[in-house]
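Labels for the chains are A, B, C, D and E, by order of writing; each one numbers its residues from 1.
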Amino acid sequence: MVNPIFIPVAALGMAFLLPVLERFGRKTVNVLFFLTLGFFTAASLIWLNDFFMANSPVLRVFTAGFKPPLSINLQVGSQEAMLLAAINVLSLAGAFYLLPHLNVTGLKARVLFLLFTLGMNGLVMTRDIFNLFVFLEITSIASYALIGMDVRLKSLTAGFKYMIAGSLASIFLLFGIILLYQASGTLNIDGMIASGVTLNDSPLIQGAAFMLFLSLFIEMKQFPANGWALDVYQAAHPGISAMISAGSSGAIFFALYKIFPLAGENWYLAAAITGSTTFVISNLIALRQRQVTRLLGYSSVGQMGLLLAALGFGFYVNRGRDNYAFILAALFFNHFFAKAGLYWIAGIVKKERIEEWSALRRNPVLLFLTGLFILALLGAPPFAGFWGKWALIMNLGREDTFWGVALLLFGSLLEAAFLLRWFGLAMRGATHDDIQPSPAVREIFVTGLFALISLTLGARFGYMRLTADLWTYVFPLILAAILFLFEGFSVYLRVMASLVVMLFFGFYLYPLEQGLAFYFSLIFIGGGLLMLLATLYQPRRSAGYYPLLVLMFSSMAVLTASKTQLGFFMNWELMTFSSYLLIIRGKKSRKAAWLYALFSLGGALAMLAGFSVLQLIRPGAELLADLAYAGEYGGVIFTLISMAFLVKVAALGWHIWAPDAYAEAEDDLTAMLSAILSKAGIWGLLLLAVFMGAPLWHSLSLNTVLGWLGTLTAFFATLYAIFQEDAKRLLAWSSIGQVGYIVMGVAMMSHLGWLAALWHTLNHFLFKGLLFLAIAGVIHRTGTRNMYEMGGLIKRMPFTFFSVMIGIIALSGVPPLTGFGGKWLLYEALIEKGWYLQAGVAFFASTIAFLYCYRLIHAIFLGIPKPDQLQVREAPFRILFPQYILIAFIFVFSLKPAWLLKPLSAMVAPYFTPTLGWQGDTAVSSLGYWNGTVMMILVVFIFALVLLNLLWMSRGSKKVKPFNIVYAAEKPDRPQTTHYAWHFFTPYQRAMRPLLKPLIRHFWQGVGEWTATGGSVLRRIYNGNGQSYAMLILLLAIILFALTAGA
Amino acid sequence: MKLVMVLGAALMLIGFWGLITRRNMIKMILSLAIAETGLQLIMIAVGYINGGTAPILDSAVDKLSAVQQVVDPVPQALVLTAIVIGVAVNALMLTFIIRLYQKKHSLNISDYKDMKW
Amino acid sequence: MVRKTIALALMSGLAFILAFILGDWSPMERLSGVAYDYVTRGAADLGAMNLVTAIVVTYRGLDTLGEVTVLFLAASGVAVLLRRKRDEAAATVKIKRAASEIVTTGASLLSPFIVMFGAYIFLNGHLSPGGGFQGGAVIASAVLLLFLAHPDYKLRHNVLNIIESFSGFTYVLVGLLGLFLAGGFLDNRFLPLGTYGTILSAGAIPLIYTLIGLKVGTELAGILENMKGRA
Amino acid sequence: MDGIVLKVVYAILSLILIFNYGMLVIGVTAKIVARAHGRIGPPFYQPYIDLLKSISMRTSVHHGVMFWLGPVFRLTGGIGLYMLIPAVYGSEWLQNFSFSGDLILVIYFIFFGMLGMALGAGESGHPFSAMGIMRGLAHTTASEVPFALAIIAVAAQYHTLSISDIVAAQQGGIGHWTLMTNPLATLAGMLAYLGMMMHSPFDLHMAPQEIPVGPVTEYNSSYLALMQSNRSIFASAKLILFMNLFFGGATSIPEMVVKTFLIFFFCVFVGVVFPRFRVEQSVRWFLKLPTMIGVLAVVIYTVHG
Amino acid sequence: MENILITLLSLIILVAALAAIYLRNMISAILASGLVSLFASILYLLMAAPDVAMTEAAIGAGLSTVIFLLAFKKTRDEEVENG
């Protein structure tokens, strides 16, 4: 065990000595400098080990040989050890990173850095409140000097503003300390807490607490007293910003944590309110921010707000810190390492504006690290922030603090908005110049180290949270990690490896599942395998493609095996993020992917809120099955949780992301999104229905609402599909509509309805996978997605044509192929249920579907070939092969629907009494009957007969070439306007015009614009004037006083 | 001693007022220094006991009955530290002002609004 | 105008807060808490007559070490910020008006005495008012006087540096001695407490205060020198 | 096995019957319309002549596989549709294959032929055929809506989707017909029927006057022959369907002939009286009045439960 | 007696503080703020805090004022130079 006093001893001894040692050369100085920092790190790591592995007693150091309160004492326990380890690792790494910068500004900079580190260490260790003040001053002064030491105008200005804020804060702090001293007669924090002095509500003591916490709230950069912090983050060298944002803010937070037991109840609430407000508002303002370092500044400030809020809530709702230690630690360390990493990357890239970050595109390592840290900040699994946020929201739910849930979740969404926009620009922005970031090995090393620490911490925290079925839940991540090792090898090897691990995972899951879960995981895994095969048609794949694909599929499969809410939510997030990272690979998919991520995250956060409401009625509920006990809150919980699923199925109102994302994602990926990913939402809705039945919102059955939602989705999406010019966009709308039918089926809550939904789930997978793959092949060969730029391809691509034809027949529900089965089940179910009007609308929708089906096949394959497409070849075998497997399935299930329907019926049987019977191959419902087998035979038979007849009759028939239309000596500006396939259904559009107003899109646009406007109005308070910032600090004082004096 | 308390509070308010109304940066620092002085007065006043003597156990103060005679030494020790720290910070701030002045030749705080929003 | 109004509103709010807090403040009647302990046992424990010194140097020695550090930091910060690149230094060379002869002579004569006075203050810190900080400030004022007298006066950097480093480092070492030889870090009792009331009493307090005085004096001098700017 | 052979034989007989019936109905109607216009008109056997002419044409061109397959799809659709509808209630040999599916199957099977036809015509490459198809499809989607609503109302009324059961429920005099028991559904259905027959005024996609070439004129010789045969079968099948749904079905062949002829004449009559609609007009028209009626019919049953 | 002295001192300090803020001449303002410290140190002495009084006088009133003056000089010199 190292005596903690050696930290200040070593730091000061070295700092005082360094000026003399300068004459021995820079090398000596550097060695000693790093030795000292290394000693700090080693010491704190030893403590960490002692406290967590050996359960050592808490270390207490009494200076001057007297016991407190006579003397100042330092304390290192497990919490301090964690903090110290983080801070000292950061300092060591940060010093390493900053080495050239420190060299430029000379020896003294090292002294400043060393003492800065000491200040942070002291803040963590000391148990004396005045000593805390001294260490705070040391930290602050060191950071002022470090900020200003490059003597640029900006950093000087920022430093000056910081100093004014810091001076004000220290005046308040000192004021608080002296008042507290008068009240308690001691300066020892433990003594003060023990004396319970602050429980007294005399104005003097309340004033003492007020001054104390006001000061620390200012240091925590709470809104609105945080303009200076933003300037600092923006202007300082990113290496310094990293130290301040992670290190000193962290140490100050711990200091606050230490003295927070002094606070009275009014302060718990004040902290919660201030913190959440800061979190929301800084993320809101950041929406308009384009400057990277300032953006990170807003994010840092927001994270501080989150931490403060968590601390406040912890005391407010819980009257104690037990449950919240985990939350605070998770949120804290998550931000700590991720933000430091991001600042370092900002320092490497050296691009000021987020638009210029596209330079990262050619540097996969940096891009990877950026993405990783951003995901960590967003609280994606498996990072620590995820576990922290989950636990926090659950606790808040348990304590009936839903305004906190709402604020925190809203803030998280805003944070995702700007961070992901930034990432999107880095990943897919337009390249501006060719100046590439040239990271030094040193810089990459420390950043990579922090990435590693982030991951490790996440794993550690996750291990503490995932008590049951740990392996199942983390399996997807392990698989992705394994596949990551195959990066750099040929595509064949990568696909092979992917197939192998997926199969392995399938075998792992097989014994765990039956019934519906089995069915869905079959689609997820089996479908995934098939789609993986199809990816082979593109010989080149960028790094990370296969790990992400496997992560997406396997996390979806885990959804079906999840028993706990946390496991479910974790894999839901994994699926969301992996699919986001896949979508953004499309050439122009930046905005689409952004929208997708935002909607998905919004849904996921709503789900989180739903689970937290459940906590209220059933505290400590961990299992999904606990949803069954929702009771009177069933309506709310159902509504909230279903948001996530409705986004994934792109139900009307939540569909804005879907057309763009489907259209702009890579072609084979679109097939996976539409065919497989959307089913995850269906699975979710089924789960909800299984556990919650049909809950009521007041007297309205939510299933009726859901049913209508599905119906309208089916209708409007189909209507939109027919007016698209882009083949993928057409199929995207079609996909939205088709999934709408499935939602209807689920919502019916009847045997037939679920059968319809399940049947259609598989069927939609088959035909939409088929269609998207076929179109992917066409796009691969022709290089365009616009249908009017194609034509007559039937002669060049007959196999693809056949695929598409089978696909659209199955889609449109024309007998005898499988599509009809779904339609039949659906209408039988609807009429049986008494949803007549819905049936009518659904029918209308399904007739409209013919229009786009025809459009698709006609514009691409029929008519006159384009001159430049005369030499187009058939799509590659590698993409045709999976299509024909799908076609084979379609035929099998068309011929023998019973093979699918009977097992499905058995799966649904546990939930509803079967209303579908069998007479041989005839399915008999309470209303009608259907014999798919006879139907198939009958149609084939008649078809063959008529065909033979025509063959005989037209034996002399001659094939002629179709003629072209001419432009009559005119060359139109937009040649496509003269093409009949351009705006094919114009008259229909005219007829339907009233229904085509994009009201929902306008609604969401309005929401987005108003939010952003709110941000730009609010950010006016940061007018750049240091004096105004001082005024804002005083304003915070008054606000806080108003907040706390009432009690 | 209430009077000193009021004086301290008044000085703090004057300091804050100067901080948020004077545009000249040196004046702002001066104001801060005044506010600090006010606070230090308050601190000493907190430690004062009516009629007490300085906490020095010299010939005038009996070592045994000192408890009844002397004022509280702790605030004095704290103020000592606070004064030194205050001067240190002021010196650093003034250095910043010197450097800023060299960049823009202005002492007006509202001329340094390059970063905002 | 708007600004003024807002400022006024803020100030009245703040005034209200201060009035609320200090409204029913009443002075202490007698010592309590930790102060009581200090007064009753301070002299016996540490052998210092000046209780403030006892608290500053020993009981709350870590604060004082921190305080010295703050000053050191500020001095380093000023030095870093006002460092001159070589070309910059050359460009601003200019002849400064020398002070009158009386001043020059007076300063040269006085400054050793002022330094002596400073030393007296910190050496007697445990007996009478004053101590390292006050003494250090006095020493610095000697330096100031020299600057006034000789505008282009250059401090002997090395000497100053060495004194500063040495005193600081020794301060830490003395603290360590307290840890190893006595009760804890910065414990003054590893030296004999001596006769109460004499200059060589109170253990290491005079030593520590001397070191602090030297350190503070050199640091303040450094700040002054840097602020003045090297010609 | 025996049963199936018998069923096939019956089906073929039934098919022959309906084919000739359809031919005759078309011929007779043409004659009647001509008379109404004050013309002599073609003989009632003119459809047969046309068919023979088409079959025996020497020159025969086609544009590719899909063009070739289009009529096959079309006729398969027609025959298939007929095969799914019991033509005469109670008659064993005119039950066709109606046991293999109910009303839902029937209404969806209507699309089979249409889709194939559209694909075939599409391959011809002539812009006008594409346009005709566009109009036809657009129009169909609209006219099917009231029809579907009517069917739903009927299904809700009789609690069955089986055509035979619906007919059975209407036996016992005119008062039991859907026409009487569910007039709204019948009205919606019959308005939809006007559109589904693709007769004037809803025949823009055929547009014999304005557009000299269209899907039908694209085809020639044996291809056209198939389509002509289909027209008689398909039309008759639809007539029988409406008869079954709304007019009590038929217990004997003569009853069927009379009822279907009257239904057919209804649409011919409307076509004579009203001018032709543009596409968007007809789409809107169907989505307004008939659909409203259909919705009303459905809502009544929704409310009743 | 003591109270009168304290009141007097307080008044002087307040006036000096206001002067420090409102005086246009910077040197006078700085000196005024030095006065604030100086008279405060007398107050400290009256309140039985000689240590603090010494410190305030030496550092607060003395050194601090010098530093302010130096800084002011630095920000004016260059103005002349560049003006």
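Couple of notes before you dig in:
Everything below uses one rule, namely that a contact is a pair of C-beta atoms (placed from the backbone, for glycine too) under 8 Å apart; a residue touches a chain by one contact, two chains touch by 3 or more.
Here's who's who by UniProt: B = Cation:proton antiporter.
These numbers come from a predicted model, not from an experiment.
Counting steps between touching chains, the shortest path from chain D to chain E takes 3. Listed by label, the chains touching chain B and chain E alike are C. Taking each chain's centre as the mean of its CA atoms, D is the chain most distant from chain E.
Taking the CA centroid of chain B as reference, the farthest chain centroid is that of D.
Put simply, the chain closest to the centre of the protein, by Cα centroids, is A. Across all inter-chain contacts, the pair with the most C-beta pairs is A-D. Mean C-alpha positions place chain B and chain D at a centre distance of 98 Å.
Taking each chain's centre as the mean of its C-alpha atoms, chain C lies 18 Å from chain E. Separation between the centroids of chain B and chain C, computed from CA atoms only, is 16 Å. Inter-chain centre distance (chain C to chain D, centres taken as mean C-alpha positions): 106 Å. Looking at chain A, one finds that residues 130, 134, 137, 141, 144-145, 148, 151, 179, 182, 187, 1031, 1034 touch two or more other chains.
Across the assembly, chain B contributes residues 1, 6, 12, 16-17, 20, 42, 45-48, 54-56, 70, 74, 76, 80-81, 83-85, 88-89, 91-92, 94-99 that each touch 2 or more other chains. The set of chain C residues that touch two or more partner chains comprises 7, 10-11, 14, 22, 25, 28, 34-36, 38, 50, 52, 60, 63, 66-67, 70, 73-74, 77, 81, 129, 133, 223, 227.
Across the assembly, chains come into contact as A-B, A-C, A-D, B-C, B-E, C-E. Residues of chain A that touch chain C in their complex: 3, 5, 8-9, 12-13, 15-20, 61-66, 69-72, 105-106, 108-109, 111-112, 115, 118, 122, 126, 128, 130-131, 134-135, 137-138, 141-142, 144-145, 148-149, 151, 179, 182, 184-188, 202-204, 206-208, 210-211, 1031, 1034-1035, 1037-1038, 1041, 1045. Within the complex, the chain C residues that touch chain B are 3-4, 7, 10-11, 14-15, 18-19, 22, 25-31, 34-36, 38-40, 42-43, 49-52, 54-56, 60, 63-64, 66-67, 70-71, 73-75, 77-78, 81-82, 127-129, 133, 197, 216, 223, 226-227.
Interface residues of chain E, counted against chain B in their complex, comprise 3, 6-7, 10, 13-14, 17-18, 20-21, 26, 29-30, 33, 36-37, 40, 43-44, 47-52, 55-56, 59-60, 63-64, 67-68, 70-72, 74-75, 78-79, 82. Residues 1, 3-4, 6-7, 10-11, 14-15, 17-18, 22, 24, 26-27, 29-31, 33-34, 37, 40-41, 44-45, 47-48, 52-56, 70-71, 76, 79-80, 83-84, 86-87, 90-91, 94-95, 97-98, 101-102, 105, 107 of chain B touch chain E in their complex.
Those residues of chain A that touch chain B in the complex are listed here as 130, 134, 137, 141, 144-145, 148, 151, 153-154, 156-160, 163-164, 166-168, 170-171, 174-175, 177-179, 181-182, 187, 230-231, 234-235, 285, 288-289, 294, 1016, 1019-1020, 1022-1027, 1030-1031, 1034.
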